[in-house]
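One structure, as C-alpha coordinates, below. Some questions next.
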Amino acid sequence: MLLGEVVGTLVATRKEATMDGFKFLVVKSLDVDGKVAAGSVVAVDAVGAGVGEVVLYATGSAARQTEATRDRPCDAVIMAIVDTWEVDGKEVYKKG
Amino acid sequence: MLLGEVVGTLVATRKEATMDGFKFLVVKSLDVDGKVAAGSVVAVDAVGAGVGEVVLYATGSAARQTEATRDRPCDAVIMAIVDTWEVDGKEVYKKG
Amino acid sequence: MLLGEVVGTLVATRKEATMDGFKFLVVKSLDVDGKVAAGSVVAVDAVGAGVGEVVLYATGSAARQTEATRDRPCDAVIMAIVDTWEVDGKEVYKKG
Amino acid sequence: MLLGEVVGTLVATRKEATMDGFKFLVVKSLDVDGKVAAGSVVAVDAVGAGVGEVVLYATGSAARQTEATRDRPCDAVIMAIVDTWEVDGKEVYKKG
Amino acid sequence: MLLGEVVGTLVATRKEATMDGFKFLVVKSLDVDGKVAAGSVVAVDAVGAGVGEVVLYATGSAARQTEATRDRPCDAVIMAIVDTWEVDGKEVYKKG
(Lines give C-alpha, C1' and ligand atoms only; values in the text may rest on other atoms or scores of the structure.)
Protein backbone atom coordinates (compact mmCIF):
# COMPACT_ATOMS: atom_id res chain seq x y z
CA MET A 1 0.00 0.00 0.00
CA LEU A 2 1.10 3.56 -0.54
CA LEU A 3 0.79 6.59 1.70
CA GLY A 4 -1.14 9.57 0.40
CA GLU A 5 -2.87 12.76 1.39
CA VAL A 6 -6.37 13.42 0.16
CA VAL A 7 -6.15 16.85 -1.46
CA GLY A 8 -9.41 17.14 -3.37
CA THR A 9 -12.48 15.68 -4.97
CA LEU A 10 -13.49 14.86 -8.53
CA VAL A 11 -16.88 14.72 -10.23
CA ALA A 12 -17.60 12.59 -13.29
CA THR A 13 -21.24 12.28 -14.31
CA ARG A 14 -20.64 10.16 -17.38
CA LYS A 15 -18.98 6.92 -16.39
CA GLU A 16 -19.09 3.15 -16.57
CA ALA A 17 -22.43 2.27 -14.93
CA THR A 18 -20.87 0.10 -12.24
CA MET A 19 -18.96 3.14 -10.94
CA ASP A 20 -22.16 5.04 -10.06
CA GLY A 21 -22.31 6.29 -6.51
CA PHE A 22 -18.59 6.22 -5.82
CA LYS A 23 -16.74 9.11 -4.25
CA PHE A 24 -13.61 9.93 -6.22
CA LEU A 25 -10.82 11.48 -4.20
CA VAL A 26 -7.68 13.15 -5.52
CA VAL A 27 -4.66 11.78 -3.65
CA LYS A 28 -1.05 12.99 -3.63
CA SER A 29 1.47 10.30 -2.74
CA LEU A 30 3.64 10.72 0.33
CA ASP A 31 6.96 9.03 0.96
CA VAL A 32 7.67 7.33 4.28
CA ASP A 33 9.16 10.56 5.58
CA GLY A 34 5.81 12.26 5.03
CA LYS A 35 6.90 14.42 2.10
CA VAL A 36 4.96 14.69 -1.14
CA ALA A 37 6.36 12.09 -3.52
CA ALA A 38 6.12 11.63 -7.26
CA GLY A 39 2.86 10.13 -8.37
CA SER A 40 -0.72 11.02 -7.69
CA VAL A 41 -3.90 9.16 -8.28
CA VAL A 42 -7.67 9.43 -8.26
CA ALA A 43 -8.91 6.78 -5.85
CA VAL A 44 -12.29 5.44 -4.81
CA ASP A 45 -12.98 5.88 -1.12
CA ALA A 46 -13.90 2.72 0.83
CA VAL A 47 -13.53 4.05 4.37
CA GLY A 48 -15.11 7.50 4.56
CA ALA A 49 -11.93 9.51 4.09
CA GLY A 50 -12.08 13.26 3.56
CA VAL A 51 -9.92 16.06 2.22
CA GLY A 52 -6.87 16.65 4.40
CA GLU A 53 -6.64 13.12 5.74
CA VAL A 54 -3.60 10.91 5.37
CA VAL A 55 -4.53 7.51 4.02
CA LEU A 56 -3.31 4.19 2.74
CA TYR A 57 -4.37 3.25 -0.76
CA ALA A 58 -4.05 -0.01 -2.64
CA THR A 59 -3.61 -0.23 -6.38
CA GLY A 60 -4.00 -2.85 -9.07
CA SER A 61 -6.29 -5.83 -8.56
CA ALA A 62 -6.14 -5.28 -4.78
CA ALA A 63 -8.28 -2.20 -5.37
CA ARG A 64 -11.19 -4.48 -6.23
CA GLN A 65 -11.01 -6.47 -2.97
CA THR A 66 -13.41 -4.28 -1.02
CA GLU A 67 -17.17 -4.70 -0.65
CA ALA A 68 -17.73 -1.56 -2.68
CA THR A 69 -15.34 -2.06 -5.55
CA ARG A 70 -15.56 -5.77 -6.39
CA ASP A 71 -15.69 -6.48 -10.16
CA ARG A 72 -15.53 -2.80 -11.03
CA PRO A 73 -13.03 -0.94 -13.26
CA CYS A 74 -11.30 0.53 -10.24
CA ASP A 75 -7.52 0.37 -9.88
CA ALA A 76 -7.00 2.50 -6.75
CA VAL A 77 -8.91 2.38 -3.47
CA ILE A 78 -8.44 4.10 -0.14
CA MET A 79 -8.66 1.24 2.33
CA ALA A 80 -7.39 2.83 5.58
CA ILE A 81 -7.13 6.18 7.31
CA VAL A 82 -3.74 6.55 8.97
CA ASP A 83 -3.56 7.42 12.68
CA THR A 84 0.21 7.51 13.01
CA TRP A 85 3.42 6.01 11.71
CA GLU A 86 7.01 6.07 12.80
CA VAL A 87 10.36 5.54 11.11
CA ASP A 88 13.54 4.69 13.00
CA GLY A 89 11.70 5.09 16.28
CA LYS A 90 10.56 8.65 15.55
CA GLU A 91 6.95 9.62 14.92
CA VAL A 92 6.62 10.96 11.39
CA TYR A 93 2.91 11.68 11.44
CA LYS A 94 0.10 11.74 13.94
CA LYS A 95 -3.51 12.46 13.04
CA GLY A 96 -4.46 15.85 14.49
CA MET B 1 -7.36 5.78 -11.78
CA LEU B 2 -5.27 8.31 -13.62
CA LEU B 3 -6.24 11.61 -15.20
CA GLY B 4 -5.65 12.08 -18.89
CA GLU B 5 -6.55 14.15 -21.90
CA VAL B 6 -7.66 12.43 -25.07
CA VAL B 7 -5.39 13.86 -27.76
CA GLY B 8 -5.97 11.58 -30.72
CA THR B 9 -7.14 8.36 -32.28
CA LEU B 10 -5.43 5.21 -33.51
CA VAL B 11 -6.35 2.71 -36.20
CA ALA B 12 -5.20 -0.92 -36.19
CA THR B 13 -6.83 -3.22 -38.71
CA ARG B 14 -4.83 -6.31 -37.85
CA LYS B 15 -5.40 -7.23 -34.24
CA GLU B 16 -6.40 -9.94 -31.82
CA ALA B 17 -9.93 -10.88 -32.94
CA THR B 18 -11.52 -10.07 -29.58
CA MET B 19 -10.42 -6.45 -29.96
CA ASP B 20 -12.52 -5.91 -33.11
CA GLY B 21 -14.84 -2.94 -32.95
CA PHE B 22 -13.02 -1.06 -30.20
CA LYS B 23 -12.20 2.61 -30.45
CA PHE B 24 -8.56 3.22 -29.52
CA LEU B 25 -7.85 6.64 -28.09
CA VAL B 26 -4.45 8.24 -27.54
CA VAL B 27 -4.29 9.67 -24.01
CA LYS B 28 -1.71 11.95 -22.42
CA SER B 29 -1.53 11.69 -18.64
CA LEU B 30 -2.27 14.74 -16.51
CA ASP B 31 -1.14 15.32 -12.95
CA VAL B 32 -3.59 16.48 -10.28
CA ASP B 33 -2.69 20.08 -11.08
CA GLY B 34 -3.89 19.54 -14.63
CA LYS B 35 -0.47 19.65 -16.28
CA VAL B 36 0.75 17.07 -18.77
CA ALA B 37 2.61 14.39 -16.82
CA ALA B 38 5.04 11.70 -17.84
CA GLY B 39 3.38 8.69 -19.37
CA SER B 40 0.90 8.26 -22.13
CA VAL B 41 -1.21 5.35 -23.19
CA VAL B 42 -3.50 4.03 -25.88
CA ALA B 43 -6.78 3.21 -24.15
CA VAL B 44 -10.02 1.56 -25.17
CA ASP B 45 -13.02 3.85 -24.78
CA ALA B 46 -15.90 2.53 -22.66
CA VAL B 47 -17.87 5.76 -22.20
CA GLY B 48 -18.03 7.59 -25.53
CA ALA B 49 -15.12 9.94 -24.90
CA GLY B 50 -13.76 12.11 -27.70
CA VAL B 51 -10.65 14.05 -28.58
CA GLY B 52 -10.14 17.03 -26.27
CA GLU B 53 -11.98 15.55 -23.31
CA VAL B 54 -10.43 15.04 -19.90
CA VAL B 55 -11.00 11.53 -18.65
CA LEU B 56 -10.24 8.98 -15.98
CA TYR B 57 -8.64 5.77 -17.14
CA ALA B 58 -7.99 2.53 -15.31
CA THR B 59 -5.05 0.26 -16.04
CA GLY B 60 -4.07 -3.34 -15.36
CA SER B 61 -6.73 -5.97 -14.72
CA ALA B 62 -9.21 -3.21 -13.81
CA ALA B 63 -9.27 -2.35 -17.51
CA ARG B 64 -11.11 -5.60 -18.17
CA GLN B 65 -13.93 -4.88 -15.70
CA THR B 66 -16.24 -3.17 -18.17
CA GLU B 67 -18.96 -4.77 -20.28
CA ALA B 68 -16.96 -4.09 -23.41
CA THR B 69 -13.51 -5.21 -22.37
CA ARG B 70 -14.08 -8.33 -20.25
CA ASP B 71 -11.63 -11.18 -21.04
CA ARG B 72 -9.85 -9.15 -23.69
CA PRO B 73 -6.15 -8.25 -23.98
CA CYS B 74 -6.86 -4.69 -22.88
CA ASP B 75 -4.79 -3.05 -20.14
CA ALA B 76 -6.12 0.51 -20.27
CA VAL B 77 -9.73 1.68 -20.44
CA ILE B 78 -11.38 5.09 -20.24
CA MET B 79 -14.14 4.57 -17.67
CA ALA B 80 -15.24 8.13 -16.90
CA ILE B 81 -15.38 11.60 -18.45
CA VAL B 82 -14.36 14.23 -15.91
CA ASP B 83 -16.70 17.17 -15.23
CA THR B 84 -14.57 18.94 -12.68
CA TRP B 85 -12.02 18.43 -9.95
CA GLU B 86 -10.57 20.59 -7.22
CA VAL B 87 -7.40 20.55 -5.16
CA ASP B 88 -7.02 22.39 -1.86
CA GLY B 89 -10.44 23.95 -2.34
CA LYS B 90 -9.63 25.46 -5.74
CA GLU B 91 -11.12 24.27 -9.00
CA VAL B 92 -8.38 22.89 -11.21
CA TYR B 93 -10.53 21.92 -14.17
CA LYS B 94 -14.11 22.35 -15.32
CA LYS B 95 -15.49 20.83 -18.48
CA GLY B 96 -16.17 23.64 -20.97
CA MET C 1 -1.78 -0.47 -24.31
CA LEU C 2 1.57 0.97 -25.21
CA LEU C 3 3.04 1.85 -28.58
CA GLY C 4 6.22 0.13 -29.66
CA GLU C 5 8.42 -0.67 -32.61
CA VAL C 6 9.54 -4.23 -33.16
CA VAL C 7 13.32 -3.97 -33.46
CA GLY C 8 14.46 -7.56 -33.22
CA THR C 9 13.96 -11.18 -32.30
CA LEU C 10 15.04 -13.38 -29.41
CA VAL C 11 15.72 -17.12 -29.17
CA ALA C 12 15.43 -19.09 -25.94
CA THR C 13 15.61 -22.87 -26.23
CA ARG C 14 15.36 -23.61 -22.55
CA LYS C 15 12.12 -22.26 -21.18
CA GLU C 16 8.97 -23.03 -19.26
CA ALA C 17 7.31 -25.78 -21.33
CA THR C 18 4.10 -23.82 -21.88
CA MET C 19 6.08 -21.15 -23.72
CA ASP C 20 7.20 -23.56 -26.48
CA GLY C 21 6.47 -22.38 -29.98
CA PHE C 22 6.14 -18.70 -29.18
CA LYS C 23 7.84 -16.02 -31.20
CA PHE C 24 9.63 -13.56 -28.91
CA LEU C 25 9.99 -10.07 -30.31
CA VAL C 26 12.17 -7.28 -28.96
CA VAL C 27 10.11 -4.08 -28.72
CA LYS C 28 11.22 -0.51 -28.06
CA SER C 29 8.51 1.68 -26.57
CA LEU C 30 7.35 4.77 -28.46
CA ASP C 31 5.64 7.80 -26.99
CA VAL C 32 2.51 9.23 -28.57
CA ASP C 33 4.66 11.56 -30.66
CA GLY C 34 6.34 8.52 -32.20
CA LYS C 35 9.71 8.96 -30.52
CA VAL C 36 11.55 6.18 -28.74
CA ALA C 37 10.56 6.32 -25.08
CA ALA C 38 12.06 4.85 -21.95
CA GLY C 39 11.29 1.19 -21.49
CA SER C 40 11.60 -1.78 -23.72
CA VAL C 41 10.22 -5.25 -23.49
CA VAL C 42 10.36 -8.73 -24.96
CA ALA C 43 6.83 -9.56 -26.05
CA VAL C 44 5.07 -12.62 -27.40
CA ASP C 45 3.57 -12.04 -30.82
CA ALA C 46 -0.16 -12.80 -31.18
CA VAL C 47 -0.82 -11.12 -34.53
CA GLY C 48 2.00 -11.98 -36.92
CA ALA C 49 4.05 -8.83 -36.38
CA GLY C 50 7.54 -8.52 -37.84
CA VAL C 51 10.68 -6.48 -37.34
CA GLY C 52 10.16 -2.84 -38.30
CA GLU C 53 6.44 -2.78 -37.59
CA VAL C 54 4.78 -0.40 -35.16
CA VAL C 55 2.53 -2.25 -32.76
CA LEU C 56 0.35 -2.03 -29.69
CA TYR C 57 1.30 -4.28 -26.82
CA ALA C 58 -0.54 -5.10 -23.62
CA THR C 59 1.20 -5.90 -20.35
CA GLY C 60 0.30 -7.53 -17.06
CA SER C 61 -2.56 -9.99 -16.84
CA ALA C 62 -4.01 -8.57 -20.07
CA ALA C 63 -1.11 -10.28 -21.85
CA ARG C 64 -2.71 -13.64 -21.08
CA GLN C 65 -6.06 -12.78 -22.67
CA THR C 66 -5.23 -14.06 -26.15
CA GLU C 67 -5.86 -17.52 -27.56
CA ALA C 68 -2.14 -18.17 -27.64
CA THR C 69 -1.05 -16.90 -24.26
CA ARG C 70 -3.82 -17.98 -21.88
CA ASP C 71 -2.51 -19.40 -18.55
CA ARG C 72 1.11 -18.92 -19.57
CA PRO C 73 3.88 -16.98 -17.80
CA CYS C 74 3.64 -14.18 -20.34
CA ASP C 75 3.40 -10.55 -19.22
CA ALA C 76 3.67 -8.75 -22.57
CA VAL C 77 1.85 -9.52 -25.81
CA ILE C 78 1.64 -7.76 -29.15
CA MET C 79 -2.10 -7.65 -29.82
CA ALA C 80 -2.35 -5.20 -32.74
CA ILE C 81 -0.35 -3.85 -35.66
CA VAL C 82 -0.80 -0.10 -35.97
CA ASP C 83 -1.93 1.37 -39.30
CA THR C 84 -1.94 4.99 -38.28
CA TRP C 85 -2.49 7.37 -35.38
CA GLU C 86 -2.94 11.08 -35.02
CA VAL C 87 -2.45 13.60 -32.24
CA ASP C 88 -4.08 17.03 -32.21
CA GLY C 89 -5.44 16.39 -35.70
CA LYS C 90 -2.04 15.65 -37.22
CA GLU C 91 -0.95 12.25 -38.46
CA VAL C 92 2.00 11.06 -36.37
CA TYR C 93 2.51 7.71 -38.09
CA LYS C 94 1.23 5.87 -41.12
CA LYS C 95 2.22 2.34 -42.00
CA GLY C 96 4.37 2.44 -45.14
CA MET D 1 10.15 -9.82 -5.24
CA LEU D 2 11.91 -6.73 -4.03
CA LEU D 3 14.42 -6.26 -1.25
CA GLY D 4 13.56 -3.90 1.57
CA GLU D 5 14.42 -2.89 5.08
CA VAL D 6 11.68 -2.60 7.66
CA VAL D 7 12.13 0.90 9.09
CA GLY D 8 8.94 1.45 11.05
CA THR D 9 5.35 0.68 11.89
CA LEU D 10 2.00 2.24 11.02
CA VAL D 11 -1.31 2.33 12.86
CA ALA D 12 -4.66 2.74 11.14
CA THR D 13 -7.75 2.19 13.26
CA ARG D 14 -10.28 2.97 10.58
CA LYS D 15 -9.87 0.61 7.71
CA GLU D 16 -11.60 -1.87 5.42
CA ALA D 17 -12.94 -4.52 7.82
CA THR D 18 -11.03 -7.38 6.20
CA MET D 19 -7.75 -5.66 7.07
CA ASP D 20 -8.39 -5.86 10.84
CA GLY D 21 -5.60 -7.45 12.81
CA PHE D 22 -2.86 -6.91 10.29
CA LYS D 23 0.51 -5.50 11.19
CA PHE D 24 1.49 -2.70 8.80
CA LEU D 25 5.20 -2.23 8.35
CA VAL D 26 6.96 0.68 6.69
CA VAL D 27 9.54 -0.65 4.22
CA LYS D 28 12.29 1.17 2.34
CA SER D 29 13.37 -0.54 -0.86
CA LEU D 30 16.96 -1.72 -1.24
CA ASP D 31 18.78 -2.36 -4.49
CA VAL D 32 20.75 -5.56 -5.01
CA ASP D 33 23.85 -3.81 -3.72
CA GLY D 34 22.07 -3.23 -0.41
CA LYS D 35 21.67 0.53 -0.79
CA VAL D 36 18.40 2.35 -0.22
CA ALA D 37 16.64 2.60 -3.57
CA ALA D 38 13.81 4.74 -4.85
CA GLY D 39 10.41 3.57 -3.72
CA SER D 40 8.99 2.68 -0.38
CA VAL D 41 5.86 0.91 0.63
CA VAL D 42 3.64 0.01 3.55
CA ALA D 43 3.40 -3.78 3.58
CA VAL D 44 1.43 -6.35 5.52
CA ASP D 45 3.65 -8.73 7.45
CA ALA D 46 3.10 -12.46 6.80
CA VAL D 47 6.23 -13.85 8.46
CA GLY D 48 6.76 -12.08 11.78
CA ALA D 49 9.25 -9.49 10.53
CA GLY D 50 10.32 -6.63 12.76
CA VAL D 51 11.90 -3.20 12.49
CA GLY D 52 15.51 -3.39 11.33
CA GLU D 53 15.12 -6.64 9.40
CA VAL D 54 15.89 -7.04 5.72
CA VAL D 55 13.03 -8.70 3.90
CA LEU D 56 11.60 -9.75 0.58
CA TYR D 57 8.22 -8.34 -0.30
CA ALA D 58 5.85 -9.19 -3.11
CA THR D 59 3.53 -6.67 -4.75
CA GLY D 60 0.42 -6.76 -6.90
CA SER D 61 -1.87 -9.78 -6.89
CA ALA D 62 0.98 -11.91 -5.48
CA ALA D 63 0.49 -10.03 -2.22
CA ARG D 64 -2.83 -11.82 -1.78
CA GLN D 65 -1.34 -15.31 -2.10
CA THR D 66 -0.66 -15.84 1.59
CA GLU D 67 -2.93 -17.43 4.18
CA ALA D 68 -3.37 -14.08 5.87
CA THR D 69 -3.98 -11.80 2.92
CA ARG D 70 -6.19 -13.81 0.55
CA ASP D 71 -9.07 -11.79 -0.96
CA ARG D 72 -8.06 -8.65 0.92
CA PRO D 73 -7.24 -5.19 -0.47
CA CYS D 74 -3.54 -5.73 0.12
CA ASP D 75 -1.01 -5.02 -2.61
CA ALA D 76 2.26 -5.53 -0.71
CA VAL D 77 3.22 -8.37 1.62
CA ILE D 78 6.43 -9.32 3.37
CA MET D 79 6.78 -13.01 2.55
CA ALA D 80 10.38 -13.75 3.61
CA ILE D 81 13.07 -12.56 6.01
CA VAL D 82 16.45 -12.47 4.28
CA ASP D 83 19.39 -14.33 5.85
CA THR D 84 21.99 -13.44 3.26
CA TRP D 85 22.54 -12.67 -0.40
CA GLU D 86 25.52 -12.37 -2.62
CA VAL D 87 26.29 -10.64 -5.91
CA ASP D 88 29.18 -11.59 -8.17
CA GLY D 89 30.39 -14.05 -5.55
CA LYS D 90 30.62 -11.47 -2.78
CA GLU D 91 28.34 -11.38 0.24
CA VAL D 92 26.31 -8.17 0.18
CA TYR D 93 24.31 -8.76 3.35
CA LYS D 94 24.25 -11.21 6.22
CA LYS D 95 21.68 -11.12 9.00
CA GLY D 96 23.43 -10.07 12.22
CA MET E 1 9.03 -10.12 -20.27
CA LEU E 2 12.19 -8.33 -19.29
CA LEU E 3 15.81 -9.20 -19.95
CA GLY E 4 18.11 -9.73 -17.01
CA GLU E 5 21.40 -11.19 -15.92
CA VAL E 6 21.52 -13.49 -12.93
CA VAL E 7 24.16 -11.95 -10.67
CA GLY E 8 23.70 -13.79 -7.40
CA THR E 9 21.70 -15.89 -4.99
CA LEU E 10 19.65 -15.19 -1.89
CA VAL E 11 18.87 -17.30 1.16
CA ALA E 12 15.78 -16.80 3.32
CA THR E 13 15.05 -19.48 5.89
CA ARG E 14 12.00 -17.85 7.37
CA LYS E 15 9.37 -17.40 4.74
CA GLU E 16 5.76 -18.02 3.76
CA ALA E 17 5.46 -21.84 3.87
CA THR E 18 4.41 -22.14 0.23
CA MET E 19 7.73 -20.64 -0.83
CA ASP E 20 9.76 -23.51 0.69
CA GLY E 21 12.19 -25.13 -1.70
CA PHE E 22 12.44 -22.28 -4.15
CA LYS E 23 15.73 -20.99 -5.46
CA PHE E 24 15.86 -17.19 -5.22
CA LEU E 25 18.07 -15.53 -7.77
CA VAL E 26 19.24 -11.92 -7.80
CA VAL E 27 18.67 -10.43 -11.27
CA LYS E 28 19.88 -7.16 -12.74
CA SER E 29 17.72 -5.86 -15.58
CA LEU E 30 19.25 -5.40 -19.01
CA ASP E 31 17.95 -3.14 -21.75
CA VAL E 32 17.54 -4.40 -25.31
CA ASP E 33 21.06 -3.22 -26.10
CA GLY E 34 22.39 -5.55 -23.40
CA LYS E 35 23.39 -2.85 -20.95
CA VAL E 36 22.47 -2.90 -17.28
CA ALA E 37 19.22 -0.98 -16.88
CA ALA E 38 17.48 0.56 -13.92
CA GLY E 39 15.63 -1.97 -11.82
CA SER E 40 16.60 -5.23 -10.27
CA VAL E 41 14.60 -7.99 -8.76
CA VAL E 42 14.79 -11.20 -6.77
CA ALA E 43 13.14 -13.86 -8.91
CA VAL E 44 12.17 -17.48 -8.43
CA ASP E 45 13.88 -19.79 -10.89
CA ALA E 46 11.59 -22.03 -12.96
CA VAL E 47 14.09 -23.22 -15.57
CA GLY E 48 17.36 -24.12 -13.87
CA ALA E 49 19.13 -20.83 -14.47
CA GLY E 50 22.45 -20.08 -12.81
CA VAL E 51 24.65 -17.13 -11.95
CA GLY E 52 26.04 -15.44 -15.06
CA GLU E 53 23.20 -16.47 -17.35
CA VAL E 54 21.06 -14.05 -19.31
CA VAL E 55 17.39 -14.75 -18.81
CA LEU E 56 13.85 -13.62 -19.45
CA TYR E 57 11.73 -13.00 -16.40
CA ALA E 58 8.01 -12.34 -16.08
CA THR E 59 6.50 -10.18 -13.37
CA GLY E 60 3.08 -9.65 -11.83
CA SER E 61 0.44 -12.35 -11.99
CA ALA E 62 2.29 -13.95 -14.93
CA ALA E 63 4.92 -15.02 -12.40
CA ARG E 64 2.41 -17.49 -10.95
CA GLN E 65 1.72 -19.22 -14.26
CA THR E 66 4.40 -21.87 -13.93
CA GLU E 67 4.06 -25.35 -12.44
CA ALA E 68 6.27 -24.34 -9.55
CA THR E 69 4.84 -20.97 -8.63
CA ARG E 70 1.08 -21.37 -9.01
CA ASP E 71 -0.92 -19.77 -6.14
CA ARG E 72 2.23 -18.61 -4.37
CA PRO E 73 3.21 -15.09 -3.28
CA CYS E 74 5.69 -14.81 -6.12
CA ASP E 75 5.74 -11.76 -8.39
CA ALA E 76 8.85 -12.47 -10.48
CA VAL E 77 9.86 -15.71 -12.19
CA ILE E 78 12.66 -16.64 -14.56
CA MET E 79 10.83 -18.50 -17.32
CA ALA E 80 13.49 -18.72 -20.05
CA ILE E 81 17.26 -18.79 -20.54
CA VAL E 82 18.24 -16.61 -23.48
CA ASP E 83 20.37 -18.12 -26.27
CA THR E 84 20.65 -15.03 -28.42
CA TRP E 85 18.86 -11.88 -29.49
CA GLU E 86 19.37 -9.33 -32.20
CA VAL E 87 18.34 -5.71 -32.73
CA ASP E 88 18.26 -4.02 -36.12
CA GLY E 89 19.78 -7.14 -37.67
CA LYS E 90 22.82 -7.20 -35.40
CA GLU E 91 23.43 -9.81 -32.75
CA VAL E 92 23.43 -8.16 -29.33
CA TYR E 93 24.06 -11.27 -27.25
CA LYS E 94 24.94 -14.89 -27.79
CA LYS E 95 25.23 -17.43 -25.01
CA GLY E 96 28.89 -18.41 -24.63
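Quick notes on this one:
By written order: A, B, C, D and E. Residues from 1 in each chain.
FYI, contacts are C-beta pairs under 8 Å (C-beta built on N, C-alpha and C of every residue); 3 or more make two chains touch, one makes a residue touch a chain.
Predicted model, so just to flag it, every value in this text is computed and none were measured.
Superposition on CA atoms relates chain D and chain E by a rotation of 70 degrees, given as a multiple of 5.
Rounded to a whole number, the gap between the C-alpha centres of chain A and chain C is 32 angstrom. Centroids built from CA atoms put chain D at 20 Å from chain A.
In chain C, the positions touching at least two other chains are 59-61, 63-64.
Neighbouring chains touch in a ring; in the direction leading from chain B to chain C, they appear as B, C, E, D, A.
Interface residues of chain E facing chain C in the complex, by the touch rule stated above, are 1-3, 31-32, 46-48, 56, 58-63, 65-67, 77, 79-89, 92. By the touch rule above, chain E contacts chain D in their complex via residues 7-16, 18-19, 24, 26, 28, 40-43, 51, 59-61, 63-64, 71-76.
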